[in-house]
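Residue numbering begins at 1 within each chain, and the chains themselves are lettered A, B, C, D, E and F in the order written.
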Amino acid sequence: MPIPIEDLWSLVPEFWLAALGLLLVLLDLFLPGDRKRLVGWAAVVGLLLVLMPILGMLGTPARTVFFNTYAVDGFAVFFKIIAVVATILVILSTMDALRGHTSFEGEMYVLLTFAALGVCLMAASADLILLALSIEFVSLSSYVMAGYFKSDLRSNEAGIKYFLFGAASSAVMIYGFSILYGLTGETNLYAIADRVRTAPQPALVLAVGMALAGLGFKVSMVPFHQWTPDVYEGAPTPVAAFLAVASKAAGFAALVRFLMVAIEPGPVDWVAPIAGLSAVSMTLGNLLALPQRNIKRMLAYSSISHAGFLLMGVAAHRGDFGAPGLLIYLLAYTFTNLGAFFVAIAVGGRLGSDEIPSYAGLAQRSAGLAAVMALFMLSLTGIPPTGGFLGKFYIFGAAVNNGLLWLAVVAVINSVVALYYYVNVIRVMYLLPAPSGGSASGPVPLRLALGVAALGTLVIGIFPQPFVTLVGAAAMLLRM
Amino acid sequence: MNWGAEIAKAVLAAVGMFTFLAIVAAMFGVLLERKIGGWIQSRLGPKHVGPQGLLQTLADTLKLLQKEHITPRAADAVVFNTAPLVVATAGLMGWLVIPFGTLGGTVLVVRDLNIGILFFAAMASMTVIGILAGGWSSNNKYSLLGALRSASQMISYELPLGMALVAVAMEAGTLSTVGIVRAQDGWMGSFIFRQFPAFVIFLVAATAEVNRVPFDLPEAESELVAGYLSEYSGMRFSLFMLGEYAEMFAMAAMTTTLFLGGWKGPLLPPLVWFFLKMYLVVFFMMWVRWTFPRFRLDQLLSLCWKVLLPAGLIWILISGYRITF
Amino acid sequence: MERYLLTITVFLPLLGGLIILLIPKGRDELMKWVAAAAAGLAFLVSLWLLGPFEMGSAGMQLQERYLWIPGIGINYHLGVDGLSLPLLIMTALLSLLSVVYSWRIEMRLKEYLFLFLLLETGTLGVFVALDFFLFFVFWEITLVPMYLLIGIWGGPRREYAAIKFFLYTLVGSLAMLLAIMLLYFNAEPRTFGILELIQQQPLARVPALAALAFWGFFLSFAIKVPMWPFHTWLPDAHVEAPTAGSVILAAVLLKMGTYGFVRISLPMLPETFKLFAFPIAILALIGIIYGALVAMAQTDLKKLVAYSSVNHMGYVMLGVSAAAAAVGVPEKAHAATIALNGAVFEMIAHGIITGALFLIVGVIYDYRAHTRGVAEFGGLGARLPLYTGVTMMAMLASLGLPGLMGFVAEFLIFVGSFGVFPELTALAVTGVIFSAAMFLWTIQRIFLGPLNPKWAELPDLDRREVISLAPLAALMLAFGVYPRPLLDMINVAMTSLVAVLR
Amino acid sequence: MGTLAAFFILSAVTLIPAVVVVTSKNIVRSALALVPTFFGITGLYILLRAEFVAGIQVLIYAGAITVLILFVIMLTEGGTGIRIRQVNEQVPVGALASAVLAALLIWVFLRTPWPQGPGALPEYTAAQIGTTLLSSMVLVFEVTSLVLLISLIGAIIIARRER
Amino acid sequence: MALGLTHFLVVSALLFCLGLYGVLTRRNAVAILMGIELMLNAANINLVAFNKYVAPAALNGQVFTLVVITLAACEVGVGLALVMAAYRNLETVQVDRINMLKW
Amino acid sequence: MLLLDWLYVAAFAVIGLLLAALSLAIVWVLSPRSAYPQKRMTYESGVVPIGQAWAQFNIRYYLFGLVFVIFAVEVIYLYPWAIVFRQLGKFAFFEMLIFLVVLLLGLAYAWRKGALEWT
């Protein structure tokens, strides 16, 4: 079985990313200690370049390559774009955040680049083996990044907790995969889809349920969410941003492809449980976010609740609003949440605290920072004209369209609850007086990242048509 | 199939093989070592028990059997007693796949497993567990330290060993030991020629793997109070020794099989050829022991990681290129 | 140029706001002038609309329609008719006057002006949007600036009031979002166009969903109006907001709710609205009487005005629900038209009058006495003649004195709704008595009687205050005496609306 | 018959030490008990005609992973000889949950009519695995190398001291 | 009774649940990791068993097993590094004592 | 019959363990015993042991273990490749080339970062 040469062309972005990662390792090895930032810039340039082949694949017809183990479709392309863009922004923000905390600066960029590759692989894997492998690929690099500040106790703890939860849930997931393999005799998702119709019920339910454990961990779905707050709080902030955005997006990519390609044709009703989990996730996340004083912890709980919203899009995947809604929500969430974490980096780096009360009077100290933070908070709430609103708009529409009105009502109530703690940040920044002077604006790379995030948030909200077209194409190609 | 008969056969084979090993490898090996040591240092070695001291090891064994059975009070007794069993057994298991020669049309091998050399490597790696268990269960910090050092060394050298095995497997296209011997036709067909770097790597790694000088640092009496063995005495100590010697001979036998054409050779019967080659390798190892000084641990590990491992990897690539194109 | 008039009106303030953001710190005067210019230009352009606007034609005019998100059938679609144009002009006017009034703001001026202008864009947009998505966007855009205006420049309990306002209205708007979705997904072809949906009546055949959608809209609008029992955010917000904020809040934001009932609930889901018209009318009645009674009990001037708003918006809702109850009953169409005319007229009237009242309260509270306790005043009539004149005029207008604007509105509403809900209307009229009593008593307590020596030195209205109050007073009087031009405009729209409903 | 007996012996060899692994108060014993468990599993693989996987199981699990675990235990608390309570307060909950899950799994496994695929395992699985890895699973193969690389780099980063 | 697929599945189920028990009840991070290893091994037994009885035509199950073994090794490597780093700072590997953050 | 091979393996393992245990049992029967408590004390160069048999050992042990595990895993992929790459042609060679280059880079990293140094 020789490998078709033309298949190789479909993997140009992945090869590029892998080569970039390896190159960065080399670069890191031979750069002197004080020039490691160059690795970061090289990573940024390389990632920007890789966007070209990715965007070039936008219009290509959906197909699978490499003996059906790898899907090349709009869906995958969409997540590749998210992965690369998010990684670029995170790298830009990292340049500031690592200073003085670790001497292993170059490796962080390497890990981020490889994690981006892992996200791409997760989104496109069409085989259980490759899927499990790429999930671990992302996880392993994330464990390391979470525990990156070795002399910081909280980072230690974040790393260990993330690792233990992650390893346990991926073990459960792999067990689920093994049962699925037993039921169908296949590891290929598309082949499973052909066989799953006749698969015996209880075992199939068990398999899907166990597989959901691992994927649910990645997207911090209740009840696999317990790691989220501790890890986000303890991990270096850019890493938390990466976990909250890219890793979560990848989780959804894998979850959606797994459910919609492999399980959808089968007899298992997965919509109802997912809808239930969605409701529980958003409610629990919100309620726990309410009393938080630490911005990263608050964002962690909020990310649990957003996982709930996104799951709502998964449950309500049919129709023009379902899958596209999920994707556009993710897109908007990517920019918004990254932006929120970047503000946390800027503030944390200057004021040395992640506590929300220390944001008091930020509007007077650095108006720009406060303004974009307000924008991000509003977008997370879903107030127009931000990207977050468009996402909510879509997701609510999808729920209504799929007859999940009850879920939509739960989501409405949750949105209102969420408003309270998001607006609390705005309140602190704008309504409370500043304790002392001192501006809190970040250095150039961080400001660049912030600007892109803010711009993305706004543009998706105001001129969404290009994005709508993009996600429309991505969702259409999903099932080939 | 008659399972009862097969089991009986298997048990007999096992008992026979172990007895044979205890005599040929351990007892004779120890004697050989003393003799060679004496020869190199221009002295006589054991001479009085039996003709030319042939029974010296037997006497030593009898003495060991009567030695007092000491289990340190703070030690974990179960683990403390199991550890030597593991080491001894692991040393013996490797012999299962060694083909000694041919008799008539059949190959004299206990079992020609189709993953032969993988099995061999797996069994060799088991010794580490026994050593760690022994070192830890003694509840003695020198033992633990010694065990850790020993384990570090052994695991390190397992890698080049594995690389050499892979290189041979590439050449022969099989993992079966019999298959590998069969793939070496004629004198020049021995893999020692085509795979000379692999041979060197294997030999060095094998020597280190069995903790022999110049790689005997883990049990260096002068530095670490016999390393992980400090608390062991009597028969348990000799079980460790048995395992070690068995493994050393197994390594020699494996060298013969992999690189020296196994039982093949002109004129003489295959069995003789095999033992000739094997003892040649054993002799070489003993010669090295009595000639070279001991490495420091850092030198030891550097040699492995910075020389043998990259060399092994690159050699695999070179071989792959040569065979493919 | 005419093709883009609406867009220009709506976005001029925002443009001004963005320019202000670019002005460096410390150039306060410049910022104020830019803000005034933006708001003034917006007002002028809105007046300009009257030119191309054809009075006699019922349909949407000056429409602008561009593809926005064609992927899901969302357009940028603006247009005005006799219902929205008066509200648009009123909004522009009040915003301008508020900017002028706010001249003395010093704290965080740049943010203040930006937020204010952003708020204006949002409110203007709500009245001209003809696409649900756009409507919703404008609807929500108003929340944030209002929140911050209350929260930063408000009174002592500003934080509580601000978040309460935000939470209440967000609940409502999200409910509306779901209702919009129900309409959208049942339409064929799917569209977010308000006019198209009104034409399609997508939920006409599914009463259960129609009821759901109706209550979705109802929740949103009723909170905004606010109807009893959703009104509890209002006293807090009005009392704590800075004066200009109170003005916009009472005069404009509340109208968004009633506008929604007339523009959306009524034509979009007429049968459903009819079904629930009576209970809603009862809620409106409770609002009328409750508002008046509670206002009477207040000693805080601002709270008093706030509760009087509850009372007045009750009238509007009474008129609207009467019109809804008349749906499908041709013989009641005339009464319905009158009731709607009255309701819309009351929106304008209440906007102008309450706007004036809040400015009046602000005048005495912000810059003079720094207290709003009714009981602390007395005998101001002699001391501040100009102020007293304006105040009395506004209050009398509010209580519905003939010859002033409020009377016309209330009269029309009562006439119209009497034809539909005679008993309820009769009860509602008692509300007028309560509110009359309340205002008269207040006038007596503040302006008559012995002068509290504490206030002996209070100055009368200055020039800028006169500029901001005079136009309102003039309008009260003008439309009170001669409501015809305004009523004609409204009538055309309402007649066609009722015609469609029949 | 013989294979059945072998199966039961091997199951016992697998499960009994596994119980020790999760219950022993002594963490080093737990780790050492992994070894017979892994050997039992190796035996099961043999019964399932997966000799190559069996070899790997010994080489990696018993020979490498266990060693690394032992290293770390001996370098941390296991080496101290201090007896620390090894279990948390969730023992009853954990036991119950595990028991319920075990019952559920076994119930489902027993009543599921597992499909029977056509064909037979190849005689020489190692070769077939090589072919599979190098052709249809080539992506898996290459990604594996990257996974190994980042694990190596990552673990070194974490384990090294800050300069 | 001949040796069949379900025999292996039962062993795998028991092993999995033993591992899970370890994960749920252990305090020591390394012990939890050992529980996870047992769970992965249970999955491996499943995979190999299914490969033989359900889908013997291709060796996907065994390849999956190899991948799982690889992943287990990587997890152990990274996880133990984190344990060592935490031990250096906190002098403990008990997860309930590694608890600066609210758990 | 393949299983037969492994019957021998099992027999070897069991017999090996039994014989070794037997030798210990013989010793246990034959050897003298004394109740002399000092003998059972841990032998630490004759000094009475103080404290626990533990010291904060070097993290380097862990690093070597780690690198070993990673490369041991790598080697398991080499075995199946080694026996079939001949039949699969040059593609297989290049696949392995990429695989090995990636891991050589890992080795280079470990080397350069001092993970392979003892001192």
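One rule holds in what follows: contacts are C-beta pairs under 8 Å (C-beta built on N, C-alpha and C of every residue); 3 or more make two chains touch, one makes a residue touch a chain.
Please read all numbers here as calculations on a predicted model, not as lab measurements.
Participant: Give me the chains shared as neighbours by subunit D and subunit F.
Facilitator: Per touch definition, common to subunit D and subunit F: A, B, E.
Participant: Could you find the chain whose CA centre sits the greatest distance from that of subunit F?
Facilitator: Result for max centroid distance from subunit F is chain C.
Participant: Using mean Cα positions as chain centres, tell me which chain lies farthest from subunit B.
Facilitator: Looking at centroid distances, C is the chain farthest away.
Participant: Would you mind telling me which chain pair, B-D or B-F, is linked by more contacting C-beta pairs?
Facilitator: B-F
Participant: CA centre of subunit A versus CA centre of subunit F: separation in Å?
Facilitator: 40
Participant: Just curious, how far off is subunit D from subunit A if you go by their C-alpha centres, in Å?
Facilitator: Centre-to-centre distance between subunit A and subunit D: 31 Å.
Participant: Between subunit E and subunit F, tell me the centre distance in angstrom, where each centre is the average of that chain's C-alpha atoms.
Facilitator: Using C-alpha averages as centres, the distance is 20 Å.
Participant: When the centre of a chain is set as the mean of its C-alpha atoms, what distance in Å lies between subunit D and subunit E?
Facilitator: Each chain reduced to its C-alpha mean, subunit D and subunit E end up 6 Å apart.
Participant: If I count partner chains per residue in subunit C, which residues reach a count of at least 2?
Facilitator: none
Participant: By the touch rule stated above, which residues of subunit A touch at least two different other chains?
Facilitator: 2-3, 25, 129, 133, 136, 140, 143-144, 147, 150-151, 159, 182, 185
Participant: For subunit E, which residues are shared contacts with two or more other chains?
Facilitator: 9, 16, 19, 33, 35, 44, 49-50, 54-55, 60, 63, 66-67, 69-71, 73-74, 76-78, 80-85, 88
Participant: Following the definition at the start, I'd like every touching pair of chains, please.
Facilitator: A-C, A-D, A-E, A-F, B-D, B-F, D-E, D-F, E-F
Participant: Please output the residues of subunit E touching subunit F within their complex, sorted ascending.
Facilitator: Of all residues in subunit E, those touching subunit F are 66, 69-70, 73-74, 76-77, 80-81, 84, 88.
Participant: Can you check the complex and tell me which residues of subunit F touch subunit E?
Facilitator: Touch list, subunit F to subunit E: 59, 62, 66, 69-70, 72-73, 76-77.
Participant: Would you mind writing out the residues of subunit D in touch with subunit A in their complex?
Facilitator: 104-105, 108-109, 111-115, 117, 131, 135-140, 143-144, 146-147, 149-151, 153-155, 157-158, 160-163
Participant: Along subunit B, where are the residues that touch subunit D in the complex?
Facilitator: Residues 1, 3, 74, 76, 78-79, 113-115, 118-119, 121-123, 125-126, 128-129, 132-133, 136, 139, 144, 147-148, 151, 155, 158, 175 of subunit B touch subunit D in their complex.
Participant: Within their complex, state which residues of subunit E touch subunit A.
Facilitator: My answer: residues 9, 16, 19, 23, 29, 32-33, 35-36, 39-40, 42-44, 46-47, 49-50, 54-55, 60-61, 63-64, 67-68, 71, 74-75, 78-79, 81-83, 85-86, 88-90, 95, 98-103.
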